[in-house]
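Next come two complexes built around chain A: one with chain B, the other with chain C.
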Partner chain A sequence: MNDKHIEMRGVRKVYRFFSLDDVSLELEPGQIMGFVGPNGAGKSTTLRLAMGMIAPDAGEIRVLGHEIPRQQAVAKRDIGFVSAEMRLLPHATLGWHMDFMRSIYPEWDGSYAATLVKRFNLRTEQNARSLSLGEHVKATLLLALARRPRLLILDEPTTGLDPVARHEVISEFMDVLRDDSRSILFSSHNTVDVERISDTLTFIDRGRIVDCANKEDFLERWRRIQVQLPPGAVLPDVPNIVKRETDGHFVTLTTNQFSEGLLKLIGPHVTHVQRMNLEEIFVTNVMYHREARGQ
Partner chain B sequence: MLCIHSMYSGINISQTDARPMYLQIMEQIRARVAAGDWAPGKELPSIRALAAALSVSVITVKRAYLDLETEGVIVTRHGKGSFVAEVNGLAGELKEEQLGEHLAAAAEIGQLLGLTADDLAARLRRALKDLEKK
Partner chain C sequence: MNVVTRKLIAKELYINRWFIAGGALSGVASILIAATGKMGFNIGALTWLTTIIATGVMLGLYGVMNERKEHALQFVLSLPLSIAEYVQAKMLGLIACFLVMWLVSSAAALVLVFAKDSIPDGIAPYTVLLCVFMLANFVAVLCGALHARSEAITSAVIVITNMGVSIFMFTVGPLPGIQEHMWAAAPVWSSTFWIVLGCELAALVIFFTLPFLLAARRRDFL
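Up next is the complex of A and B:
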């Protein structure tokens, strides 16, 4: 039985100026996956492939057990998709949109929708045209959340939101995950949000997956190690160093496989061992992989 | 800075704190147990509920609970949830195990020194008395 919510294997999509190559990812029920990459890395393309909005040139995609794009109509009944590009009908009110969704989706939860209107500080009688950017994002999220889909696929859901609105929206995502049979895949370049709420992380750069692991592993594995060498001393060769900066007697090593054993190998001149936040890990990781690929 | 639902108000997660989030959660739970606010046997919020209340990922809370369990601060019963351990700071079984190990070591050293069982028992009574004085 296939119980993964998303399964992509060796997915490829070639465009004239951009190609996505060998993309594989897996999302388990009950999890939030943060999909992180610079602008133009292929985040939106990957999410659109998962939604069946575009067909892959190679590879396999299964979402909620359905083969995509062939069975996308069935899969989509249980997927809520929101992207920053989505536009509500400008001359219709939020209430009209809510009625429309209710008429299509039998799972529409009217009382939850009403709660969200209040929590997100929206007004049902307001025309979409007059919504601010942040309100518009919250309105599209509301329309997806109130269907209570098993899987939420969100493309940059917090972009354009002020800190308060971001906070409201993120609390709502966490609330979804109280139910361990539901899951969220969301792309973002805001590593602060991703670091806070994701269970697993996938880094993408220039159309390729750079790294993928559970968040705690990421944060445990990466460290910056500072060394001060006495005159004449030489740093031994140690493995798993992705970056090395030397400034006179001071050396900073960045590792993606930290262990006490590694510290022993480096020797007695270590002065500091620092944890890294997700943003630092992300940038170092991307630069390291670009170098390794000779780009 | 964060979302706190009134139920667990007071547990604060800061992303500017250099310590990882799971350590911050552990420290604050430990403090509540040590202060007696969370009494032995008290049921902890479920992992998903605490994650939702603090707006941090499930895996982070899971990690904190696992490590607290290893430390003996909490006990997790499968399908029933997590509870503050009965013996302060350490789960009963763990303390029991520790006592066994120390007694075995004491017996061994006693034998090396040529002490009789009575001598050893007398020494243990003296140690208990010293403890009472403190």
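Up next is the complex of A and C:
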């Protein structure tokens, strides 16, 4: 149990208008998990629970082998946390923040920090209050990365960034991932960013985990199958269909368990089999689970 | 006390350095004005009181509420510390900030009382009580700000504690053991003085301890 970087079991957190229900997830060392969900799905709540900033009403959380929130101070020595919402201390400069972090973290890598300052085109003498959103995200990322943490928890770090800044930030994550012992839990509603860096995906919607699998598994399992039925023909009963759209003789089936056997079952009327991108898989998956839950 | 808590206390002193310096300077300047005569005394006493109260309010608002409002709290809570250590650092750090200004301003006021012939030394006990009251008042503001989740509640705490200064002046000033010695040539440390001081210190201890018992045990700090 302790070798996992994050382990959540049956975590529940109830607010007046929202509840996180029975959330379980595991992050192995070296794994990069994309935590994807629509706005208000519970991504930030889950990550804050992992950081000990809020406590669960039920369930168990362990991060880097430490019980959270009780042992959060020890666990956070090895966690880098960045959130799109997070701001630095407004009356202090970036340079002051760097000195502050260096004084707290013995592993602080000054030369790497200096490299990131240059790469992100930041100015150490600039006051945090005067940083733009993109600069702020880059600055918090710099402070998190230069301490060389074993685990990075990133809460929508690319939200609100322009494409260039997003590219810079994502490239930096890719660099971090060269070290196999590190792991990243990366929340976003931007599936393009998640698809680029993640090896595992967890979908969350309305406070519940709806699916979790390897990225390649998702991309292999999900297909859109187009069928053109001749007049009078009836489509056989096909299992594992999560969405069915009919337009006259044309039927589009979406499956989450694609196989050659499935095509054989449908018969000779298949006209086209289409791969789906992550965004399509995510949206279809979420809608399917909402329907299944009667929401 | 661990290294992160110590660094956070130092951080408060650094971040609030201009409030502290401005407050201390304003406190001393007010006393200098108070030394210029009767009119100056009234103006100086008023600005001295305002300085101490306003510095306390600013420290409470900027140190606690703004950190939460401007999402810098997430940054602080991402550091290797527990909620209890955060509360400890915040309490000790902001009290240290206030103490610098408070000590300078209080000392300046007592120097004025004892150095200026036109001001009777008998007012010294009342001055001490007023100074300690304002220290307890600040700790109450800080306690309220750390417990309150909304700006409205913090504002209410600030309004109530500000009113408390006026209430203190109008209730403690006329007390028999205080008022009768106020114009004496030498300070009289009456039993009333010690009772009021004891009450102030008790309130101070309560407001100082409450955040460690309640806010530090809060399950959700964001």
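Everything below uses one rule, namely that the second predicted complex is superposed on the first by the 294 of 295 C-alpha atoms of A that agree within 3 Å, B and C clash if a C-alpha of one lies under 4 Å from a C-alpha of the other, contacts with A are read in each partner's own complex, and residues count from 1 in each chain.
One rule holds for everything that comes next: a contact is a pair of C-beta atoms (placed from the backbone, for glycine too) under 8 Å apart; a residue touches a chain by one contact, two chains touch by 3 or more.
In this text the structure is predicted, and so the values were computed from the model without any measurement.
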item	value
A:87 touches, of chain B and chain C: first, second, both or neither?	second
Contact breadth on chain A, by residue count: chain C or chain B	C
Contacts of A:74 with chain B and chain C, given as first, second, both or neither	second
Touching partner for A:214 - first (chain B), second (chain C), both, neither	first
Partner chain(s) touched by A:102 [first = chain B, second = chain C, both, neither]	neither
Touched partner set for A:4, first chain B, second chain C, both or neither	neither
Residues on chain C engaged by chain A in the complex (per definition of touch)	2-4, 7, 11, 14-15, 66-67, 70-72, 74-83, 85, 219-222
Residue ranges of chain B in contact with chain A within the complex	2-3, 15, 18-22, 48-49, 51-52, 55-60, 63
Chain C partner contacts - residues on chain A that touch it in the complex	48, 51-55, 69, 72-77, 79, 81, 83, 85-92, 96, 100, 103-104, 140, 144
Chain B contact footprint on chain A (complex, rising order)	30-32, 167, 170-171, 174-175, 177-178, 180, 192, 195-200, 214-216, 219, 275, 277
